[in-house]
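Across the two complexes that follow, subunit A remains constant while its partner is subunit B and subsequently subunit C.
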Partner chain A sequence: MSTPRLRNNYPLVALLLPALLMVGLLFVYPLLFSLAYAFRNEAENRWDLANFSKAFALYGADVSLTIGVTVLSTVLVGVLAVAVAGYLTLGENPRAVAVLRWIYRWPMFIPFVVAAQLMRTFLAKSGMLNNSLMSLGLLEPLNAMSLLDWRGVVVTFVWKQLPFAALLISGAMAAMDRSLMESARGLGAGRLRILIEIVLPQVRATVGVSLILSFVTMLSALSVPMMIIAGSPTMITVDMAWRVNSYGDYGVANALGFVSFAMSGVAAWFYLRQGLREGGQPK
Partner chain B sequence: MKRFHRMLAISAALSLGVVAGGASAQVTLNVISGGSQNMVDYVTDYLGPLFEKQNPGVKVSVVGTGPDDAGSQKMLEKLSAQKSAGLAVWDTDVVIPNQQKTGEMVRDGLLMKYRDGIPTGKYAVSQSAKMALGVNVDGYVMPMFESQTALAYNPDLIKTPPSSYDELRAFVAKNPKSFGYNGLKNGMSGVAFVVGWMYAYGGNPDTIQQGPYDAKATSGWDKAFSELKAFNQQVVFTPGNAGTLDMLNRGEIAMGPVWVDMFQTWKTEGRLAPNMKLKILSPGMPGQPYYYAIPAKAKNVELAKKFIALATSPEVQAEGIVKRFNWYPGIDANVVKPALDAKTWNQLFVDVTPEDLAKNAKPFPLAPFFKDMREQYEAKVQN
Partner chain C sequence: MSSREMCLSETSRREMSLRNFPLRHAYVPPMTGTFVRFALIGLFAAIIFGPLLNMLIWTVAEAWYFPAKLPQRWGFAFWTKVFRPEAGAMKALSASLLIACMTVALSLALAIPAGYALSKRKLPLRSLFLLFFLLPQAFPTVAVHMNIARIFYSFGLTGTIWGVMLVHAIQGLVFAVWIASASFAAIGDDQVEAARNLGASPLRAFMTVSLPLAAPGLMASAIFVFLISLDEFSGTFFVGVPDVRTLPLTMLNAALEGNYQIASITALLLLVPSILFMLFVERFLKADVLASVGK
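Here is the complex of A and B:
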């Protein structure tokens, strides 16, 4: 949208203004405010890095755990989503494809907090997972252990985000020109090879976008780590809530928010770079 | 165009008239409650309808802001925003905050001194009606109920439960992973366990509870925290207050700290095995009240006073607080007892006797000590 066109188009500007004002007042302003106040030392009334040194001293392990959990979950979401979408596109058994298509979207309609509550009973030491494994004779009761720690969070995140990513990716795959796949198959390529060498390169941008959006969503989830991780280390969203609620300490919470913002900033940078490299506007 | 304007004016006048008419026919008493869902249910299902029946034309509207400091912090922020905005009348008539945040609200001038103006004010006899974690709140609050933490245990797995922190440590050393608690960030029952530990091993418990604040009183904390860190290696961490009860119920742990009222309610509702029992560890575990308070510039002050007077009358405390919700009464227990049948009264004190309560029920620490304690736990035990 070029500027002269905007200048000559007051109604357009007037229509845009309320939305811009809302975003500005309720999102951009508080965001900048919180980023700036991460550097505010209220106790000594000056600007410095005290909040950050406290945040890393107390929650350094939590920052690493947050990075680890979200990156691992994103990778797993990516692999599984490509597998699901690939089967939906290339699967040969129509009944299996129909069942998968029907079932895979379900978790998308379940809120994070409900998913977390489900996992709390599913993954507990005497939860449904272990009980089923034990009754199948696959697990000795003595070896049963609770998965209610970072592993539980990864399971929940992947379970919850997989359908979203798979939906986007399978959509992109369905929109592809099928003739390439058909000719590869005609030349005797296996389905896995077609998926990896022909389909995947063409939907790479969509895979990237869906994973970045999943990454950011998981990074900001509070309910899942709060309900699933018992003890510590935990994820930094929990620490932010804890600083504000227990100490009324917005400084350290803002510093942690800054860290979280930096992490999603890295993701956003990849997203934009991807778009620019493709020679157009980011999708 | 002129006609359009006239129509617009008429419709605006009409809709304003409807709003005004509605408001005059009915007064809404706005209540904000902290605490878990059961506290909101208490007002929606029991207290609200009772008050509406006694005061025709009044509607009680209650909003819950959630448990622990987090929930009450939201109330504090709401009132404080209205104060900073310089509003003459605030939109909240009654607040039900926890102890810590009540102290902060009184300190910030967000609450009204009303207790002498209501007939039930004289029943507020407990220590917590006067001091909230070191802040003088005398006159600003009526305790809604007293809540207490205790060790819940499964008698099938433990015949004779530990009765003190020392015995608990000895037991856990012999039976690792038999005890579970929810750490520091996952609900107050875990915090309460840590506080009890510090009262037992950190030294100067009286100063920590009564004040005055003096950093020297915490000189014994390092050792207590390092012992707690070692102890933590032998315990199971549970996800939250409810998580402890869940794990106890599934037999994954044999004991853990819980809120007495939550324990009793779960038992009554059949969500917890009926044979589970309670014990308060000596030298003591903390408990806390929730308070009824009126914001400094509430709109319906007289109505709010009437509401609180009803809520703290012996009959309502007996029927609502003790019988239906398994809390300990907030007002003088001696005036509540005659309003209850002996069976209900005894049920409340079956595992934890009044003597246990008198001896081992402690308040949470003074606010500045409490803050130090939680921060040091994070720095020294969790890291």
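Here is the complex of A and C:
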């Protein structure tokens, strides 16, 4: 990028500037602020790792729970989204495809807070899930239990993020050249085999992007664990809010924030490394 | 096969001749396939719509105690409770709507020029700028929001609708900018050049040609930002305290107090605009614009 090119386009850059400043001042600056202050020891007025040792001593279990819940939810979203998108692409019963296409999108625009509230009633001990299973004779009333712990969070995350991932992945599948799929079908390959061996490798980039965005979205969710998990262990977003609101302890909160940034960083690194190994640029 | 089974099959073979079960093998597999297919789709539908139905029932349940499978008393008593002024839900609703409208105005004011600039392929570092706007979606936001609140505190912005509006605008900006850029890019240069050749100034050509042609896409981005603002939780949670109460925060409080009816009615209020948008988004966002979002 040569400087003259930039200079010739000053008017365009000027149009862009206010929006860039907005993201810079209100996102990048607080982000760097958060990363730096994770290492700030206010009590002794120096920079060290005290916040981290305190954070892990107090919330070590919550860190592992957060990793477990987000990774499990992301894997489930990936498997189910590929299954749904695969059926939408390869399904041979037009009516079933149309019905599925109409159903799967509903949770996409439902806000996380609302999804959490829905699941709070649905998964409760007396909720509709247990009631339906008992009516169908699949569950003994004595065995009925509330799913409002980490399992409830996983269910909510998958329910909410599946449509987003399935929409992106089915979009990429629809854009593929169908001739290869059809010739494989003509040669007698099963649809599952076509999905795994022909379709999936071609949409891998989209699957990666949709899963990373889902992973980060889940790491950012404050309302879902707040509403679904009562007590501890809970997710670190809730711990951050608690440290800040109850103790004004930004140090430990920022150390936990650093952990969540690191988790999304590791996810992004995996994705980029995969892209480099395949010799192409990740899209 | 054991000898006894051989024997059995030998005796039953006569009775079980093909004539007694005509075409059974020819019909069963496709029927089973259809059955499995619709059973799976039915299960999927139950999982998607079950929680929604459960919430809808709660909004009209006046009394519902365990272990009853359905409410003992139905009615709209809690609706009048929610809309009473002292409940605070109406105040929260108007605060939410006001903040959402302000957020849309700010986002469009920033995204229209930025989107126009990004729609020009000759812009240097174009893809880098596009990615820059994705940053607020690419990092977990809670830690950022609490530090924004800390920074805003020294400017007196914490606890004001202005502060909340700024946080919401950051969350929505990527969609506003990307959709605006895609909308301007979909116009093409011919019409703008025609206007310029007829003597229109760049500003006039923009106002009379580009802007009206991009309007449907900009409308879609406005609705998108409106919804993001309406639903935003963690930014409001940190920056809005203690004075700004939006609908999601009111819902959280009702839910944590164990008031399922009030929480469900508030949830329904938040849900309706989102569902409407989902059903009509394709009217606003044409396929060619949608395909080039973020490119």
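Note that in this section the second predicted complex is superposed on the first by the 266 of 283 C-alpha atoms of A that agree within 3 Å, B and C clash if a C-alpha of one lies under 4 Å from a C-alpha of the other, contacts with A are read in each partner's own complex, and residues count from 1 in each chain.
Here is the rule we go by: a residue touches a chain if its C-beta (ideal position, glycine included) is under 8 Å from a C-beta of that chain, and two chains touch if they have at least 3 such contacts.
Worth saying up front: this structure is predicted, and the values here are computed from it rather than measured.
Engineer: Looking at the overlay, does A:148 come into contact with subunit B only (first), subunit C only (second), both, or neither?
Structural biologist: So A:148 only meets subunit B here.
Engineer: Applying the document's definition of touch, where does A:234 land relative to subunit B and subunit C: first, second, both, or neither?
Structural biologist: It touches subunit B, and subunit C stays clear.
Engineer: Considering only touches as defined above, state whether A:189 meets subunit B (first), subunit C (second), both or neither.
Structural biologist: Once the two structures are laid over each other on A, A:189 reaches no partner at all.
Engineer: Based on the superposed arrangement, let me know which partner A:61 touches: subunit B (first), subunit C (second), both, or neither?
Structural biologist: It touches subunit B, and subunit C stays clear.
Engineer: By the touch definition at the top of the document, which applies to A:126: first (subunit B), second (subunit C), both, or neither?
Structural biologist: Once the two structures are laid over each other on A, A:126 reaches both partners.
Engineer: Pick one for A:205: touches subunit B only (first), subunit C only (second), both, or neither.
Structural biologist: neither
Engineer: Residues of subunit A touched by subunit B versus by subunit C: which partner has the larger set?
Structural biologist: Answer, by number of touched residues of subunit A: C.
Engineer: With both complexes overlaid on chain A, does A:226 touch subunit B (first), subunit C (second), both or neither?
Structural biologist: The answer is both, since A:226 touches subunit B and subunit C.
Engineer: Does the superposition put A:244 against subunit B (first), subunit C (second), both, or neither?
Structural biologist: A:244 contacts both subunit B and subunit C.
Engineer: Looking at the overlay, does A:118 come into contact with subunit B only (first), subunit C only (second), both, or neither?
Structural biologist: It touches subunit C, and subunit B stays clear.
Engineer: Indicate the residue numbers of subunit A shared between its subunit B interface and its subunit C interface, in ascending order.
Structural biologist: 120-121, 125-127, 226-227, 241, 244-245
Engineer: Which stretch or stretches of subunit B touch subunit A in the complex?
Structural biologist: For subunit B paired with subunit A, touching residues are 68-70, 73, 104, 182-183, 185-186, 232, 236-240, 243, 246-247, 250-252, 371, 374-375, 378-379, 382-383.
Engineer: Which residues, counting only subunit A, touch subunit B once they are in their complex?
Structural biologist: So the residues of subunit A in touch with subunit B come to 57-58, 61, 120-121, 124-127, 146, 148, 226-234, 238-239, 241-242, 244-248.
Engineer: How about subunit C: which of its residues touch subunit A in the complex?
Structural biologist: It is residues 34, 37-38, 41, 44-55, 57-58, 66-67, 69, 109-111, 113-114, 116-118, 120, 122-125, 129, 132-133, 135-144, 146-151, 166-167, 169-170, 173, 177, 227, 230-231, 233-234, 237-238, 241, 248, 251-252, 255-256, 260, 263-264, 267, 270-271, 274-275, 277-278 of subunit C that touch subunit A.
Engineer: Over in the complex, which subunit A residues touch subunit C? Could you list them?
Structural biologist: 1-2, 5-6, 9, 12-13, 15-16, 18-20, 22-23, 26-31, 33-34, 37, 93, 96, 99-100, 103-122, 125-129, 131-132, 134-135, 141, 159, 213, 216-217, 219-220, 222-223, 226-227, 237, 240-241, 244-245, 250, 253-254, 256-258, 260-261, 263-264, 268
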